[in-house]
Each structure stands twice: as C-alpha cells, then as structure tokens.
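In the part that follows, the structures are each spelled out as structure tokens.
Both complexes shown next keep chain A, but they swap its partner, so chain B is in the first and chain C is in the second.
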Partner chain A sequence: MAEAPGMNRRALLSGGLRGLGLLGIGTATGALATRDKRDDEVWQIDPDACIQCGLCATECVLEISAVKTVHSHGMCGYCELCTGYFEPDPVNLDEGAENQLCPTGAIERTYIEHPYYEYRIKPDLCVGCGKCVKGCNMFGNGSLYLQVNHDRCVDCNRCAIATACPAEAFRLVPRSEPYLLRGKEEA
Partner chain B sequence: MAEQRSEPDSGRRRLLRATLWGGGLAGLGALGGIGVKRLTQDPPAPKRPPLGPEFTYDVSRFQTSDPGLIQWRELSRFPSGLERPRNLCTTPGGHILVCGDDGIRRFDADGRELGFSPIQGRVHAVAVLPDESLLAGLPDQVQVIAPDGKVRAVWELEDVLPTSIAVADSRIFLADAHARVIRVLDLEGRPLQTIGQRDPDKGIEGFVVPSPYFCVRAAPDGLLRIANPGKHTIEAWTTDGDLELAWGRASFAIDGFCGCCNPVSFALLPDGGYVTGEKGLPRVKTYDECGAFTGIVAGTESFPEYVQATQAGTPEAASAGIYVVVDAAGRVLILDAIGGTVRIMVRKEDGDG
Partner chain C sequence: MRILLLLALLALPALGIERFPPPDFSGGHQIPETVVPASQARTQAWIDVAALSLGLLLASWISLRLRSRKGLVILSLVALAYFGFWRRGCVCAIGSVQNVALGLADPGYAVPLAVIAFFSLPLLTALIWGRSFCAGVCPHGAIQDLVLVRPLKVPHWLDQPLRLLPWIYLTLAVLLAATGGMFLICKYDPFVGIFRMGGPRTMLLVGGVLLVLSMFVGRPYCRWLCPYGALLGLLSRVSRFRPSVTPDHCSQCRLCENACPYGAIHLPTRTPTAPADDRDARLRTLSLLVLVPLAAVLFGWLGGKVGLVSVAWHPTGELAGQVAMADAGTLPEPAPDEITAWRQSGADRTSLNTAVAVLEERSLTLGRILGAIFGVAAALHLIRVAFPRPTADYETDAADCVSCARCFSSCPYERQRLGLPTDIPGGSHV
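Let's look at the complex of A and B:
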C-alpha cells in the first residue's frame, strides 16, 4: 500500500515526459520536413548528383521549366562527334536539323577554328529535359549540365522538381551564390 | 488489495494514455499545419504527361553486337583488387600489372596475385623500365619503383597528368592529358622534348584530349602510335615529333569511335594490327595495320555493369574507361574499370561458339 502512490507518481511523471517528448519530436519533425526556405536561399541542382531523368522538364510549376542546360566552355572537350549536340550516328557532322540531338533546337553550334566549335544554349528554347546532358555525360566529360535558371525561377518555398527528383539532386544554396557550376561557364 | 490498487491505477493509465495521444496528435498537428501553410504559399504544380521518346537519349541499338563479328572468347577473368583501377600493362617476364588508387597490383599470366606496391594517390599509368623498375604515373609526378618494391625516385612534373607511358630506345614517352602533348624523358626523368604541340606553321593541330584518356604506345616499326581521342583517330608519329599518318573515323557504328575520348586505350597486336578499348559504349575491337576494322573482341553486351552505370548517369561511370593491352602470347587483356576485373581474351578457334 505504501509503494503504490509513489509508483503512480513516477508513472505519471514519466508518461508526461514521454508525451512532451513525443510532442517535441513531432514538432521538430514537422519543422524539419517543411523547413522554410530562408529568404537568403534558393534551389539549385547538384550536377554531380543529377541523373538526367527528365523530370525537370515536367515537374516545374512554370509552363516552360526554369531548369536549363548550361555549358562549361572551359571544360568542353570539343569532341568532333559531340554527343551532346549530335544524334547518335548522325548523317553528317554539321548543323542540319536531322543531325541535331536537341528536339527543340536549343543548342547553337558556332565554328571557331578547326577542330573547335563553340556550343551555346538558347534558354528560350531549352525545356530542361537533359537529353544533351545525358549524351555528354555518357560519352563526354560532363561539360553540359542542368541548372535552375534564377532569371526564370519563381522561387517556390518547396520546389516541385526537388520534391519529385529521384536522385535528390536539388539543394538549397545561398542566394548570393545561386549556381553550382563546373569550371567557368556561360549559359 | 489488488482491486483497491487497480482502480486508481487504471484511472492514471487512462490519463497517461490520453497525455501520450495528446502529445502525438499535437505533434502531428504541428506537422500538418506547418506543411499545409508552406505548401499553400507555392503555385500549384501542373499535371503534365511524361516526355515523349524524342526527349530520351537512346543508344540501345548500338549496344548489341553482330555475333558474326565476335572473333575472340573470354578465357578467364580475375578481380583487379583495386577500389578504383585505372590502367594496366604487362612485363617482359609475362606478369600483369594493374594500377589504380592506392597502388599497383602484380599478377601472373593466369591472374594469380603476386604482390602489391602501395602508392598514395591516383596511379593513372604504369610501365616497366629495361631494368624492370616500374614507372607509376600520378598527377604531377612519376614514381620509379625498384624491383624490390622501394620507391627509387620521384620525378616532380608540374601540371602534368600522365595517363599512359611507353618506353623505347632508352626514352620514356609520357602522354600528358593535361597539356595534351607527349612528353619525352630520358631514363632518369630529365625532359628531352615534347611531341604534338599545336603548331599551325607545321600544320600540327595538336591533340584533342577532352578528359584523362590519352594513350601512347611504342611500335616495333620505330614509330609511336598515339590516340587523338577527341578526333577519334590513332596517329603514327616519329619519335622526333613528326606526324606520319592517322586513321579512324567518328561514328557510333561498330567500325568507328564515338563520343569523346575514344579510343580511351589501344594496344598493338603481334600482326601489326590494333586492339582498341572504348568508353561510353564499352567495346573492344580489332583493326588491321592500316586501320580497317577486322572484328570484335568484346561487344557492349559483354559489359552489363558498365552499361547499367552509364545509363544511371553515375559520376563514376562518366570517368571510367576500358583499358587494353596485348601480352607476349598475343592474348588481349581488358581492364573494365567499373566491373573492376581483368579479362583474358583469346582468339576463337574453329568450333568455338
């Protein structure tokens, strides 16, 4: 009889603590799961994690995705058969539409001097499908890769593409350094 | 007694249970509340159909070989034992050396391991000197390893990435993927000259080396054979630096080389022909001494792990090669950097499948 009240007080105390703990865990989980993107952060793609699945083209809240291919001119290997620009086994290695890999014609190829060409992305035409990036990564050195174009991105708190990304390649980065670039590149 | 104690106990248990439920529900409420609040701030994601086939990069039609062209069969294979194998060579005594991150492993001709030389760093190339010392090519240096396994010398080479090393006529020919030239050294590591520097006056365009795949071999005819991987050619150069001839064409077709950096590796066959290793579409093929395609040693379908890794788009796959050498018996040895194995290939004989 003498022990029962003490035990019950302990049980009440420990139960209360457990309840409070659970509440804390729930709140913390909630806060983490819906972590507020701070004003000084933006979403960006880690090119080393990207697997070019194509979802960037379909999951963005914008009609035409804010994700665009960028090209690192410094890294580019200037391959004669550029697998980011040409269809596999093209008819000719020239700018004919039948030879180009990009379904929207978003890559511009300019002759510099033999055997070098410069490749530039036309952001208005690029839909962010990553087809050219796949070709460059599979056969080249990865100088073509995808980035969120912050001139177009509407800066969602929870990026719809990041939510869908199977490779978890989207990261929050400082707004002051909004790109995860390879080498020195121009869009 | 037991009944008297159970009544207040059951009341407190109900209170505890209620507290626990309350806490949990409050947490869930917080979760849901925060989530809904945040999500409603963003524009709704429109439902779009998946991309059409024109947006898919598809090279599947090149990943199966014509069985009639496969003229070699796998005799055996063995694991390289290196986390990240990067190249291989054979010794005059018939041993097989495989280099990679952390060192060089030595195997006999059947793939039994004989020893390991630990080296700190990425060993991109390995070769054997006439005195049987090993040359290990690392970023910005070459290490000379004496036959007893001790490092005899370290040649510091600023901004040099040696991806292949050939030794001939008391000279060392080092393919430097960083400067895109062949550096010629004497046997003590002193620089003698460079080969292949861009020189428009001499009509030399220079080597196009998009990534660290740049292979050089010394041929019995006294010329060097050098891969120009960005141009998809193999070129013959004199040891004094004159371009003699080049062969190879850019194509995904079986007789061509595609993408960048192909062939990533090649070796000379006893009949004067070539065996080539390619990345992207992993395949090993043979060409005659004039560069005409003659057959397949191992087709793309022989490298399922490699194909899977490249299709998944992993960074490891983007920087892994298929390396080849020919041993004194004329067998082709293939190092698959993704699979991590060395395959010993021999020519099919009549009756082989």
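Let's look at the complex of A and C:
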C-alpha cells in the first residue's frame, strides 16, 4: 500500500511536467512562427560595407563560394585601362593572362568603340575573391561588387561567411528581393 | 597623363563614386542589364522538414515497437548520408537552438520556418517517445554511433559530472546567440568539417580526434558536449513512452549489465520487496530545498560576470577593444580588417561606445537569468546522481538513454520474443 500513492504521485508529476514542456515548446514555436516577416529572408552582402578582404572566397560552406562578382554595367565607365581587370602596371593593355587581375580569368573584355571596352563577368569561373572589386572600387566607379548568388546559396542557419566577415557587411534581405544592386536607378 | 589622373582620383572617398562617366556610344551600343541569378525555390527546406518528420517517426517506431538494432543502423546510415554528407550538416537541430534564442530575444529577427521545425519536432518527439532523434536521425549521433567498435566503460563517477558540460555549453551558446554575438555551436561544431570534407584546420582536427575517441568511448559529443542533447534529455525524462531493456519482465539476470555503451542502464538499487530507504529520501528532499535555491543565486551571480566578459567575444565588443588598442598605439600592424572596415564606414566613437554599453547591460541581465537556470539544472542533476531513486529492475535512464536498441538483444526475454534459442534464468516466465 505504501508503494501505490508514490507511484501515482510520480505519474501525475510526470504528466504535468510533460504538459508544461508541450506548452513551452508550443508557445515558443507559435510566437516565432507567426511573426509578420517570418521565413522569407536570405543572406546578402551590402556592397557599401564590403571591404574586399577576400574571405568570401574561402569561408563559404560550398567548395566554390556562392559569392560572386556582379557588374552594374550602367555605372561602368568602359575604361580602356580597367583597374578591376588589369594588374597594376600591366605589361600590355590586352587580354593576355599575365595582365589580368582575375586569378581565374572570369572577366571577358570586349572592344566596343574607341576608347571603350565592355567587361562581363563569367559567373561559372568567378570564385568570389573580390580582387576585381577592390581594383574597381579603389580607382574606378565601383560598378563591380560582390553578391551572394542565390541559385547556389544553400541558406545556412547562420551564414559561415557572415560570421567571418570583418566588416559585418552581410545582412538578411527579403527573399522576394534577394540582391542589393548598385546603380539601380540608372539601369 | 592617365597616371596623373589616377593619382588625383585617389584622394576621393572610395564608395561607388562615379569617377568616369558612362560613355555615349556613337555606334549605338546597348548597355547590358545587370544579371543576377534567380532564387531557388523553397522546396529544399520542405524536403528537409519532411525527411526529419519521417525520420523521427521511423526511429521511434523501430526502437520502441520493432526493437530492431539493425533497423536503426540502416536509418542512421541514411540520416548520416542525407543530413550529414548531402545537406552538409545544415540545417541542423543542434544549431537551431541559437536561432530560436536570438528570435526570442530580438523581435526584429525572423527565424526561418524550417529552422523552427528542426528545433521543435525532435523535442516534441522526446516528450512522447524519448530520444529517437539521437537514435536514428541526428547525423552527429549517427557518425559516432556507427564507428563505435570497442566501447570502454566510463565509470559512473566520471560520466555523470561530465554530463553537466552540455548545460554549460548550452548556457554560453544561448547567451552569445541571444545578444547577437555569434553562433558558438556552429563555429565550434566538430563534425560539419567532416560532412563538408573541408574547413578550418582546428575544426577538422577536433572532429578527427572526437571520431577516433568515438571508436572506443560511446558518443562522447552527445554525452558530454551536445547542448541540444541536454534539452532532449530533460524532456525525455518525462516522456510518455521510453525503451525498456526487457520486452516482458526483468528477472535480474544481469545479462544486460554491460550492454549499454553509454552508461544509461541503471542497476537495481534494492530488492523488489524491500521498502524504499527513508534516509535517502529525506536527504534528497533536504538538499532539494537547500541546494537548488543556493545554486540558482550563486550561478545567477556568476552568470552575470560571464555575461560581462562575453561582451569581448562579440564583434562589437571586439571592435571596441581594437579601437582602444589603436588609440593606445598598441595595435599590431597591419591593422585588422575590422578596424579598416570601421574607419571606412565613417561611424563615430560615441555610437560604438553606446552600442557596447547597451550590449553590456543586456549581457549582464541575460547572463544572470541563464546562470540561475543553469544552477537549478546542475543542482537537480547532482542531487539525482547522489541520491538515485530506488529502482527494483534493470532500467534505462530516462534522460541518458538514446534509444540505440543495443541492450535489447542481451535480454533473454527479448530472445524468447524473437523465437531465438534462449536459456531463461530461473525458468520461463508465464
């Protein structure tokens, strides 16, 4: 007889605590899930905060980073000597590999008319090292900048590059408008 | 001439300035649009949540109903391949704790629905069926469980105090995540480096060491580090159903005594007929009344201190420290990228100082609250270890058992149930 009340008490206590746990999880989940702007946010780089440290190329969980250079052509000066394309002090102003800043040759340079050249990014080759961005920002118009490409981004809980970014240039943006593009008004 | 022009332009601030006006093309060249790839559909997240739900149901069914170790091994392999190597350990339930903590602390932060599901579903399962998530769904558990070849017994007196470490880890992680500092659990996760087959060298090294350790010591990460495991253990303590060693009744044959590599089988503390030890019960009540409030106050105070110290680990706190060093001239050259970025952003010192002051206040308050919670959890844990509840039979520990189904086959009644040849001690049970 001594056993029975104790067992009942424990069962009751256990049931009560289980209900409490259920309530706790339910409340927290409900509060978080019903928030207005829930879910639809993705990681993106603010080009104005980026300092081109180079970590985007190495910190992404993907083998080849989801971050790649984007070119706002409307802002580009079409310079013959593009500081985003050429090494400092290039041997020749031509497409020779020794003259190029890009380690993977991901920028295509096309002659338009004298003295203008067009520069296009080949996303398949770009590794997001930001060397061209640094060159363009330092001496040019800043029409080249880094962006998280959302066809490749795997939406980590917490972006590994954002954690490493020294400039805190990563932020969450709405999924419906996942890019922070420069010179939009001109385009 | 060009060089001179460049030099003159160097003086300009760097951001998005139009130094060279876009040309007017006489040939009528069309300036191309900026191309950016479209977003992926959200389907992947829903596939993950569906896989998680299915995995949890399957793991519960296999461990509690089928009682099949083989089934769990297969499920673990699938989970390891999918959540581990295919999804690269992201999204994961262990890390979701931080998203939820940040979401609850900061109303401006929206936790993705998939992350909310990964946080809550395994916990709900734990309330009903125990730690099925650990048994067959979590890739971290699976990778350790599958390499366990020769389990060494870790003595109870060492194992149980070590099980306080997950609580410390959880407290720190919640503190840092909720104040917007960093995601500690993601940063120091031992196994994602292996899942991604690459990563920081320290991460790979720690992962490798833990993996080798897991060959001889059962699930070292789950038992002594995993912060989510602490929550799962807490909830499964009151779970509705849980695995029992015997499918039938315990004849105290002692065959399962060494079956658990995780030290989660309780030995009987008294014979079934003997009354409970009154002295132990009284001592337990006394220590509950005295130790728990004492620990809450003590660790609440300590938590506040830790909270203040933790400000230095925040990006903001770290930056403030570096700015102070730069002022004192003790900052090593070249200046770290953080300082360069801060200078470039044009933010002033007052706003930085204000941010640090706000952060300190929040960390102090949160540190005290979390410290007190930790104190209560730690005291309850130690009291439970010091004065175990009397049990008559060989039972699985409600919190520590990860439902791996290893012990079942050691029970003669299980062998009888399966129709295997068995020698039931003390004659067959009717």
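Note that in this section the second predicted complex is superposed on the first by the 145 of 187 C-alpha atoms of A that agree within 3 Å, B and C clash if a C-alpha of one lies under 4 Å from a C-alpha of the other, contacts with A are read in each partner's own complex, and residues count from 1 in each chain.
Methods note: a contact is a pair of C-beta atoms (placed from the backbone, for glycine too) under 8 Å apart; a residue touches a chain by one contact, two chains touch by 3 or more.
Keep in mind that this is a model prediction, so the values were computed, not measured.
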item	value
First, second, both or neither for A:129, with chain B first and chain C second	first
First, second, both or neither for A:138, with chain B first and chain C second	both
Chain B versus chain C as contact partner of A:168, first or second or both or neither	second
Touched partner set for A:11, first chain B, second chain C, both or neither	first
Partner chain in contact with A:103 - chain B first, chain C second, else both or neither	first
Touched partner set for A:88, first chain B, second chain C, both or neither	first
Partner chain in contact with A:157 - chain B first, chain C second, else both or neither	both
Chain B versus chain C as contact partner of A:48, first or second or both or neither	both
Touching partner for A:149 - first (chain B), second (chain C), both, neither	second
Chain B and chain C footprints on chain A, overlapping residues	15, 18, 21-22, 25, 29, 31, 33, 48, 51, 61, 63, 76-79, 81, 83, 137-142, 154, 156-158, 160
Touching residues (chain side chain C, partner chain A) in the complex	2, 6, 9-10, 14-23, 25-27, 29, 31-40, 42, 44-45, 88, 90-92, 95-96, 98-100, 103-104, 107, 109-113, 115-116, 119-120, 123-124, 127, 182-183, 186-187, 192, 196, 198, 235, 237-240, 275-276, 315, 336-338, 340-341, 344-345
Residue ranges of chain A touching chain B (in the complex, touch as defined)	1, 4, 8, 11-12, 15-16, 18-27, 29-31, 33-34, 36, 48, 50-52, 54, 57-61, 63, 76-83, 88-89, 93, 101, 103, 114-115, 127, 129, 131, 134-135, 137-142, 154, 156-158, 160
Chain C-touching residues of chain A, taken from the complex the two chains share	2, 6, 14-15, 17-18, 21-22, 25, 28-29, 31-33, 35, 37-42, 47-49, 51, 53, 61, 63, 70-79, 81, 83, 112-113, 116, 118, 120, 123, 137-142, 147, 149-158, 160, 163, 166-169, 172, 175, 178-179, 181-183, 186-187
Chain B to chain A touching residues, read off their complex	1, 5, 8-9, 12, 15-16, 19-20, 22-24, 26-35, 37-39, 41-46, 48-51, 54-59, 62, 205, 208-211, 230-232, 250-253, 258-262, 279-281, 310-315, 317-318
